[in-house]
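Presented below are the structures under discussion, each in the form of structure tokens.
Common to both upcoming complexes is chain A, partnered first by chain B, then by chain C.
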Partner chain A sequence: MDINSELQKKVYKLFEEGTIKRFIGYEKGSLPYKTRPCIITKKEDVNRLIFDQFCVNNLSIYLRGDLEKTGILANMCTLKSIVALLQGNQVKPENLYILAVNCPGMVDPDKAELSSLPAQTKLMPFGYKNLYDKCKACHHELPKIYQDLIGEEISVACEPVDEYAFIKDMEKLTQDERWKFWEKQFSKCIRCYACRNVCPICYCKECMVDKANPQWVSKLNQSSTNEYYNLMRVIHVMGRCTDCGECERVCPVKIPYRKLIKKMEKEIKELYGYVPGKDPKELPPLSTFKEEDPEKGIK
Partner chain B sequence: MEKIVNLSRLIEELVKEYDVFAPVGDDNFSQFSPIKNLGEANLDLINTTKPLKNLFLPQSEKLFSVDGAKENITLEPKKNINNKRIILGAKACEVKGIELLTKVYTGGTLPDELFEERRKNTIIIGLSCLEPRDTCFCAALGVNPFEEKGMDLVLTKINGKFVMKSLNQKGEEFFKKYPDVFSEINKEDLEKRDKLKESVLKKQNLSLDLKEIKEKLDKEVDNPLWEEISQRCINCGICTYLCPTCQCFDIHDEAGKGQALCRFRTWDSCMFPDFTLMAGGHNPRGKKKARIRQRFMHKFSYFIDNFYEPGCTGCGRCIKFCPVNVDILEILKKVKD
Partner chain C sequence: MRIGVFICHCGTNISGVVDVVKLAESISHYPGVVISKENKYMCSDPGQNLIKSAVKEYNLDRIVVASCTPKLHENTFRACLEDLGLNPYMLEIANIREQCSWVHSDNPELATKKAEDLIKMAIARVRFAKELTCSKVTIERRALVIGGGVAGIQSALDIANAGYHVTLVERTPSIGGRMAQLDKTFPTLDCSACILTPKMVEANRHHLIKILTYSEVEEVSGFVGSFEVTIRMKSRSVEMKKCTGCGMCQSKCPVKVDSEFDEGLSKRRAIYMPFPQAVPNIPVIDRANCRYFLEKKCGVCKKVCPSDAIDYDQEDTILKEKFGSITIATGFDLFDHSAYGEYGYGKLKNVITSIQYERLVNSSGPTGGHIIRPSDGKEAKKVAFISCVGSRDNKMGKPYCSKVCCMYTAKHALLLKEHVPDAEAYIFYIDIRAAGKNYEEFVYRVQENYRVKYIRGRVSKIFEEGDNLIVRGFDTLSGESIEMEFDLVVLAVGVIPRKDSDSFARMLNISLDANHFVGELHPKLAPVEKNTPGIFLSGSCQYPRDIPESVAMAGAAAVKSLSLFAKEFLTSEPMISEVNTSICTGCLNCKNICPYRAINEEEIKDLDGKIRIVAKVNETICRGCGTCVASCPSQCINLKGVSNEQILAAIEAL
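Entry: the complex of A and B
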């Protein structure tokens, strides 16, 4: 059975049995490479659901707010973010039905030859080289928090990549050179806040940049205030960010966000031996403390 | 008049007298930036990431400052320090954006001085668009890739050479002022240009019944479409901030420690929840659905009421960059049906 029929059949059954009232998945977009999120509420709509190699959106952001019984199609990135949401008490597990999917990695339209796109997008019509960088480094071990799983198991037949190679390159630069690099990047920022709105971890009720009275961040668009916003955001998600890469993907001015978040991830790994997005029972190191912590302040 | 131009030499001449701006950057990121020579520009870009709008309505702009630290409070209005400038390489959809903004900012009884002066001080050398993207739909909005309206001169690239054509008196003067950089155009090149034009226009030929769309928009305020789109829209500022015609701003007063208080304006977006938040806490467009609808109503209904044409140029940026594929063209077609 092809993956779309498997998906549609399963979701249909979930609606029919009354297990879910809502399902968050993907539907065909307006262009062949723009598969998009969709939320369906009736079993008659299941034929809208698809899964292909352009399902890059992290669907966990649609779990915000009070949930009715909700089903969600979770690829690797979505699944890891759900772990983080569970850790932060942002979703009630009893209202959640997770249909995981073995994810072959998503295609970056900027890399792929889209003119040669087959009309009927089959799974894996593209080579490894066209995948998003985050997908190239994916270990494909789904956290076991799902109720059901679709898709064939992925045999990772790709060359192993050092996921921190580009971070190590950055680390070779002097502090001054790094600062210059980021100053230039942040001067491009238009403060559209897409990076925040698309981030599953950015779930604060009121973001510091929106706070007007007292004001925390200047509304003036200039390199220094943009730096403040971006760096604050990155530090705030540190240790909880699961590298879904959405902030980097959506940024219209192409600020290389993963250069920041992977650095944070690497630091956390080295300092605490912690990798986010694995086990909902664990707590992110910056959200907790231990008696034997070396810092005195917290005791 | 039209002639072959040695663009590199023309720019060398122009920078002596004007601030020259052109598309700079690559497929990753590009914008209109000051250039000193042709090498700095990238005239092969389809359209820039940031629109030309930024040169007429900067994202943040100081209006005046008040210095209370001095004995008497002094108020310093921001002077427009614009030199005469030339914008080179702007496509039709970009220039149309400026035309529409000009209506908004200078059309009424109280023109915006900063905008008006910038417009007056700018000469636009357009560039025919030879390779529309899969997200472009300018033709449906009455623009087309070879549209010349709003430009003073226009360039067309053929066989690696640039043909330059003047479109008004201002443009005509270039040929007199810099005679050395121009050479006569031959018949072959002209024929090639006409062929190119024909083939591009054939590709970019969508038409939309905008009148019917407006009627339907006005009538079907509760179209279920708005609810459906609002479910996936993340309410970011991409579609409005990158739009060459979106025009809204907010005014702020800010003062750093020990600094003069500064009043500035900075873009705002109808997609942001606090865009319509009132001082008393009421928010007339508190729901995402209402905000999404507003973007389409403003462009395809209210703008027509005010200025007799839609507030969109079909540049396709909002389609290209929307993180969740809210596609304005798809929506217009759906509204129509």
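Entry: the complex of A and C
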């Protein structure tokens, strides 16, 4: 059975059985290589649902707020974010039905020749080289938090990538060179806050940039405050960010956030042996206090 | 806003480096600053009077004192404000001594500049100062004492004698602890049981003391003034109300296992009282060894019990009670010498431990006070006592001195000579530590009057030759190797923390020291207090202690409970954290990270009527450490008195 019929059939049944009242998934967009998130609330609409290699949005951000019996189609990135949301008590597992999908990797429009795309695109028409970098490094081991799973198991057909390769290159630069690099990147920032708005981890009710009393970050769009904002945001999500890559994808001026985020991830991994997005029962290392903490700070 | 700034010379400690007079002048022009003055000693009466008269004259509402570290005189100046009818928290201290004049004496000009910056920051902070008040919390005036050794018993008695209820929880079937096992006690040589049992009986009969033996504390929550404690009373399989303590059951029980009380030198039954003077005088069935529980056979005890007190179906009882204070008196364990190859890995029959020796010399012990060898029952005529076994030994991870061993070893040698006058006693030692009242005199007596031979040096090997033991070592005073034959070797095994101290500490959420003893709040000034308010330390759970010290600590710990109970109510520290629930996302990062477990979740109703979870700080538990403030991704926790606003304002002022 092709994946779309499998998906639609399963969701139809979920509605019919009353397991869910709404379902968060993807539908076809305006162009062959575009999809968009959609939320359907009745079984008659299931035929809108699709899954292909352009379903890049992280759907977990639609889980905010009061959920009532919600189903969600979750690929690796979405699943990992759900783990983080569970850790931060942002979703109630009892209200959630997770339909996981084995994700073959998403196509990076910057890499693929999309203009020559046939009108009827099938799943998996794209080779490994066209995928997003994050997808190339994906290990495809889904965190076991889902209720059901669709799609064929992915055999990692590609040559394994060192997910920190580009970080290691950055680390070779001097501190000055790195600072120059980031200064240049952040000077492009237009403070649209797309990165924050798309980030599933940025679930604060009032973000630091919006606070007036005290004012943490000036709202002025100028190099120094932009640096401050961007670094602060990354530090805020450190240890909780699951590298879904959404912030980098949505950034209109193409700030390479993953270069920062992966560095943080690497630090946390090396310091605490912790990788976010695996087990909702685990607590992120920066959110725990252990008596036997090697650091003697508080005792 | 009317701010007064007062700058201290601290004699010449500050003014010798920082130009205090010039500083007072320039600060006086700061916005909001009404007056700025300097004085030789701000903490002195004239200094405080300067503040007082200035407040009255200029109608000041906020004060900045630039002086030494707030650790020293913050309270002095707060009290000064309180005297004036101002809220004591409308004060900021700029530390221009430790953080300025002392460390920058080489550059007075820059030091003056830095002092100015520090004062500017304090002014910025005081602008955002808010009036803080303490809240009142009621106190449950009942004490829990965990551990029924001499220290626990003494603490319980002292608290109860002052008129408060005490629950004394002891893990084993009887109270008494280690002291009940001892024979005579140094340095006075009075019989341990003779001085201990009256206390045990007194505690048992005290109408305000509830003794729960064969019981353990399982869970502790809450905080000073109101700890909620779950206690498991393990089933004795004997109905305490019916049992008369006649002992028929234990004389008829067919099972024999090593007696813990006699340290394996005798056998006890499966139904047993650990020792004849046990309190309570009621046996327990050791279900792991009882034939009825193992094979559903036997049942002899039930048949012979004249009071029909045996109840095989008895279940554990769970008690949940509230206490205002908790005293830890869990005592110590002893080092397992099988870790030492040189002493035969614990395999040599005639190498025994000091506590076994206590049982041997005891006239009501397993041998009736005869000092005989375990291998053949022959009387020991030549005995080696080896000190520091598992003490002062980094290799074994025991760097500390067990403190009691030097003394009890001297006592042991003396008792040998008393019991077997023609016996020879040798003590192998590193140093003799006898710093206690009449201790040195005691050791001297042992050496001179009893002719006990002290050999300074470590023993390198003990091995069997025929019936006897050969001790090989090195006499560091004569510089000669020695090899001697002995009938019996007694190892002065070190005092170690309770083996379950880690899990015990976790349950109580308290910290242990580097050696895993229960650490005190301050090594000098708060030796019987814990960093958790309302938890106190009694006896050798804190560090190796002899009986006089344990009893003294027990009294000290009791006084801490009593002074808590004497209060009408508790006031909470006002400089604690506070959650802005309107923007709290309920992620509970703060809850997980708080080292004092002061944060819990709470359900609130939003403006739109929806229920959601937010964090709530328990005012009595929070110590104002600020960890949660740093951990909150939404910046919605504030530390009162050191708020985010104040910190940002101070940075801004720079």
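In this text, the second predicted complex is superposed on the first by the 297 of 299 C-alpha atoms of A that agree within 3 Å, B and C clash if a C-alpha of one lies under 4 Å from a C-alpha of the other, contacts with A are read in each partner's own complex, and residues count from 1 in each chain.
Please note the rule applied: contacts are C-beta pairs under 8 Å (C-beta built on N, C-alpha and C of every residue); 3 or more make two chains touch, one makes a residue touch a chain.
Keep in mind the model is a prediction, meaning the values are calculated, not measured.
**Student:** Check chain A with both chain B and chain C modelled on it and let me know: fit or clash.
**Tutor:** Taken together on chain A, chain C would fit alongside chain B, as the superposition shows.
**Student:** Based on the superposed arrangement, let me know which partner A:Val234 touches: chain B (first), chain C (second), both, or neither?
**Tutor:** A:Val234 contacts neither chain B nor chain C.
**Student:** Residues of chain A touched by chain B versus by chain C: which partner has the larger set?
**Tutor:** Between chain B and chain C, the winner on chain A residue contacts is B.
**Student:** Looking at the overlay, does A:Arg36 come into contact with chain B only (first), chain C only (second), both, or neither?
**Tutor:** first
**Student:** With the two complexes superposed on chain A, say which partner A:Gly88 touches: chain B (first), chain C (second), both, or neither.
**Tutor:** In the superposed model, A:Gly88 contacts chain C only, not chain B.
**Student:** Answer with first, second, both or neither: which of chain B and chain C does A:Arg191 touch in the superposed model?
**Tutor:** The answer is first: A:Arg191 touches chain B but not chain C.
**Student:** Looking at the overlay, does A:Ser287 come into contact with chain B only (first), chain C only (second), both, or neither?
**Tutor:** It touches chain C, and chain B stays clear.
**Student:** Could you read off the angle at the CA centre of chain A, spanning the centres of chain B and chain C, to the nearest 10°?
**Tutor:** Given the fit on chain A C-alpha atoms, the answer is 130 degrees.
**Student:** How far apart, in whole Å, are the nearest Cα atoms of chain B and chain C in the superposition?
**Tutor:** In this superposition, no C-alpha atom of chain B lies closer than 5 Å to one of chain C.
**Student:** Same chain A residues contacting chain B and chain C, which ones?
**Tutor:** 215
**Student:** For a test of understanding, state which residues of chain A touch chain C in their complex under the given definition.
**Tutor:** So the residues of chain A in touch with chain C come to 66, 88-90, 203-206, 208, 211, 213-216, 236-237, 240, 283, 286-289, 291, 298-299.
**Student:** Sort out for me which residues of chain B touch chain A in the complex.
**Tutor:** The touching residues are 27-29, 49-50, 59-60, 134-135, 231-232, 234-238, 241-242, 250, 252, 254, 264, 266-267, 269, 272, 274, 319, 321, 323-325, 327, 329-330.
**Student:** Where on chain A does chain B make contact in their complex?
**Tutor:** 29-31, 34-39, 57, 61-62, 110, 188, 190-194, 197-198, 210, 212, 215, 218-222, 246, 249-250, 252-254
**Student:** Can you list the residues on chain C that touch chain A in the complex?
**Tutor:** Touching chain A from chain C are residues 505-506, 511, 531, 582-589, 592-595, 610, 613, 625, 627, 631, 633-636, 644-645, 648-649.
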